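Pasting the structures here.
The same subunit A turns up in both complexes below, where it pairs with subunit B and then with subunit C.
After this line comes the complex of A and B, so read on.
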């Protein structure tokens, strides 16, 4: 009798659309007649579920129609930024997210500052961060730069303490501890010696090598024309920029920073204080379409990288007459640089440093399979056109390969496997970062113009800007030398080791 | 929140253990301070010219006789299975005659630690970093500065992805060094084939 009943149940179930029913049915079969009996009593065909769904939808409609519900006849884009915020960071690269993280890290009260990061392209197709070679070095000539790099290396050493999120994977930067090797010819050897003493004084671990020592350490180098070499022993190397960006972003978003995908297309000043203009309402345009949202904010941080100059112009900084203090434009413009991936099976091995030649050529190892990344800085006269990110392979043939093959004879036989181009946020004034507030516009801060070494200075620079905003002064590192004031006063602080 | 506190307390404990023994250094000199630091972390060492090792036992108790050997540098240090980290190397930095360093199974030894070992580049001859979970290929590139290295033990490092290739590259980088790398599966798995090359 019970067997016939079981068969009956099976036949009914077989008409069902829900395969999970069949699984549960198999299960209950093993557990004896009592559960089977339970199934039989509740087992009704699917028509009941269909009605249940309809009823639920009708109930929801009724609840929405009543007052007190959040339904509105107009479809609001859920991706719009909030209407009010404390700090708006324009630019979602590693610098912008670093500032956002440090702002949240330093706030004393929980949810003390409402921070929004506005990024116009979440695929980061043109962002300098992800297209960079990813190196970090302390071999600069300016003490502020050395301090920034050292502090950033310290940050990256303990990155999981800073940016570790509970229940998520630990941050893996894939840091290669290989060091930078700068080569100097006769003319610039004295500059290198001065730089070496500055670096040693500040605390960077560098050593000078003579051509014979160089040949002994790296037998694959051709030391013709090299008078002196400077080699980094510690805290130098290269890492994965995308991991750092994502680590900052993940941690900042876990602390409550709001990410917004949109482009800032204007600003409305809402109060004029003496000569200063306080820009405090930003117009953020959504990426696809004509929607925009006006965001009221107290502080604006310009971390837009290569496009900072254009952004500052659009926000009306240089709408003032050119010779006033308020009218000085932000001297940051994009400069296109190429990176070529080459494959050379007989190339130097695991100890290849990030070699930078005095002619402007550089290369480093990539992975373990005999691949290298190389490039060179073009001369001022033939800067490539910056309207797109197309790669010029002729540049490799003309400028990079000859110098590469001259310096490392093994590279005479190589094959270019891939290439890409990226923008430097080039500071046309003195090629060093601009960190600080605008002297006239009292709520605009800058963290841009790093001209190729922004990624390696981003953790420390983010902390400096956050200290400036929240504490009013630089606390850990004194970056007053890198402020906007030097641009007003037309006093460049030149970096003599830029590539 | 409790979980993150637990993690923070653990990290603070490790930082405290690896702090710089400034007081001991000023009173007794850097060699005794280094020796004291090693014994506090339950490691072991041997002085230059001596033949017996000073070790701390499981409970952390050790013999205070090492105080008799003032101003004698350390020759061999065994910090296996201790929580030594980058900051702890502050205490060992002045040792210019260190020949052997054993760091087997240390959970806090990572790539940055290996990069800092360049301070021993003239004297270090034997290095054992087997079973350290945090070491990756990028850190092994940092061993290029240790030109005097004769013996390197890299067994069972879970962080390296292609151990066979890494060992070959290291042998090219350090030609006079004998590299021991056991505990890896060197078999080459072919697609659909049955070939296996065992090292």
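After this line comes the complex of A and C, so read on.
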């Protein structure tokens, strides 16, 4: 019997080679179509199933014909951005989405402005936001920076008031307010004292500690070489950057911002008057393909992070002679920084602040299982290669571990569990953010070049840019000092850091 | 009549044979000459009111202002489109002008028709070039939706009109306006008089538009290119009003009761759409809703069928045509420079383009019916006529006039005053073409202050 069945199988399978189905039907009329208990045909179903396939198709067609359906006679790529938008934000990191959220927050009527955010990699594999250590501090020397971080910390403490969406889970940033601890050596202690007075004047809650007080508070620190320490008591610490990005994105999209996955590859200047250009059309290229869409827009915001300089160059900003205003390039380039996750069960403990040593090393607690995140700023001469995000473990062995073990003796015995690398959107001019409009291209705004402290300043910086666009000038915080003017005038405003 | 129609028809070969450099100046000049000739229609010397009579077409004091407005608008449309079509290839520019001329032809023949059949055919014909203008030259994806709404609202409501006209021909043996005006009441079975009344007027109520069936207008006006918006606002809406005025001759004993719901709808629409204007973010959308609001007044005035009502309706139609078209031109000058229609992003233009601010001021003041402009004359006559019909309408019309003033001033203040945004600091200065365009809109309006009897119509 089974041999007979195997013959059936052979004949059925061979029905494509022989010209007709007659061969199979000769043998199967006795047994019916599903004798063998399995469906061997690989093409259309044997029975014409009217109710499942055709009826469903007819119902779908009828539903498409009703108003409100999104059917259109043109079979175009549904992922293309719209043909025109009021504001195009290039870059979908935390800065771009923060600006999008604040623009929608400040429009006075619903659908006041049409905003689209163009991000070329929705997995954020190279974005600085998600690869960041996530720290927030007010211990800067520039009042603008302190204001930005203070306002952002306030925003993040009340994040659900701002970014909560109805019927969705509340936002949990895991904001650990453990504070930053800066350690200064004898030579730079006076800078730390001056910074401390600036910070207190602006309103940051910082305190200075002598070595003995330091040892009392944090017994695991080796205070050799430390002359002064500056500890943030409130609004300082670290949080989860991915949660902040998603919170901004979810809220902005619920308010009507359109997200588009694509890369901006060009722009068309529509009017060139003697003292200004207006870029009016952006060319957005779809990923993995040749399709592109020209998006007509009124305002362009460059929030492309580490790749802002390259974007500006591609848009033709610096194609003019170098010593003219029009030819000033946007001085932002990517710089690679490594972060290493180490496990040390005998380490400092739960009240570890984000410690930054005068030698350039830093570390902070990560989670509750005895893991810490650590890294160091490389010297100017040994900047790593930025063509990829490969991690150099030798750097840990040479530069980070010795300093780490010197400062915290418990860290002599640790194990590196993982590591990653991320880009700073490094402002080669003065390592501080550029917030403002471009002097020549009238409708291009910048929010980039934060050189490692962009994530912590993103809520307040986004609000500043939105005020600039919708109100014409800054309303809550005055960020004119961080404008593009200082780059044209070659007047850097450097942070007086101790490292 | 032929001395206007033949030159308009021959504008089509002109646009195809003119050299590239001379295309726009040539068509502009010739359409201006046609406008000058059309001014002759405004003088009416006959006792029967019908002049320039031939078997198919004639003008009377009701249709001659609308005809002159139509002929006046073609050169203005050509002026307004010149800039944004400059990047298009030459063939497309020629096609655009051909479409505008075809639309012009169908509109002239519609207004001048003596037979209602010809009027109906031309009414439908005017839809096609407009549809092509909206769907091909509009700016955004939504223009397909807008074109669909525009086409099907008008088509669906005008097919019953065809049936009505055929039935009328059957019953009375004629569809000529000259004879209809002399016929008495039409014997209709009392069961069908509601249907008869509705089918006659539905097409025109949709075209006006009446408040409940106005959805096509904001979409079509916003998505159309500037010439499309101009002709839509200035003339195509008036086609509805004109049709209503003509057809109500055949409906006379019925109109007394059956017009009630539509008058209420129209007056309610005045209030509602003016209020919507106050919350609009898109400039063209605001002007579109303001058109609906003004046309609501016109619809109510025509429906009460009094001599003052018809007079006021016609004056307001002409004045609104010029004003609305001017507003769309101003919005377009803004759009061409900033590439956005959102009002938040285009503020403070008075600082940058002061002379354009003058035109904005005059046009916004015209929109809010400032004396002595014909806008006020029309509105005042309509409000008085409605008051005579019923005391209660003053609530609607008074509140409507108040809100109209509010949103017109709001539009002026939002676009002209306020801090200048950074991205508007260096815009292209105003072209003299734009100044000419607005002057040619506002000059007839100002001239009409001195002799409104030209646009009074035959009811007075």
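The rule is short, and it goes like this: the second predicted complex is superposed on the first by the 425 of 499 C-alpha atoms of A that agree within 3 Å, B and C clash if a C-alpha of one lies under 4 Å from a C-alpha of the other, contacts with A are read in each partner's own complex, and residues count from 1 in each chain.
The rule is short, and it goes like this: a residue touches a chain if its C-beta (ideal position, glycine included) is under 8 Å from a C-beta of that chain, and two chains touch if they have at least 3 such contacts.
What you see is a predicted model; the values in this text were computed from it and never measured.
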| item | value |
| --- | --- |
| Superposition on subunit A - do subunit B and subunit C clash or fit | fit |
| Which superposed partner A:203 touches (first subunit B, second subunit C, both, neither) | neither |
| Partner chain in contact with A:287 - subunit B first, subunit C second, else both or neither | neither |
| Subunit B versus subunit C as contact partner of A:472, first or second or both or neither | second |
| Subunit A residues touched - subunit C or subunit B, whichever exceeds | C |
| Subunit B versus subunit C as contact partner of A:492, first or second or both or neither | neither |
| Which of subunit B and subunit C A:114 touches, first, second, both or neither | second |
| Subunit B versus subunit C as contact partner of A:409, first or second or both or neither | neither |
| First, second, both or neither for A:345, with subunit B first and subunit C second | neither |
| First, second, both or neither for A:329, with subunit B first and subunit C second | neither |
| After fitting on chain A: smallest Cα gap, subunit B-subunit C, Å | 18 |
| Sites on subunit C touched by subunit A in the complex | 139-141, 144, 279-281, 337-340, 342, 344-346, 348, 419-428 |
| Residues of subunit A touching subunit C in the complex | 72, 82-84, 86-87, 107-109, 111-114, 270-271, 273, 275-276, 278, 280-281, 296-299, 437, 442-443, 445, 468-473 |
| Interfacial residue positions of subunit A with respect to subunit B in the complex | 157, 161, 166, 174-178, 205, 233-235, 237, 349-351, 368 |
| Parts of subunit B lying in touch with subunit A, wherever the complex brings them together | 3-4, 11, 86, 111-112, 114-116, 118, 136-142, 144-145, 162, 165-166, 169-170, 172-173 |
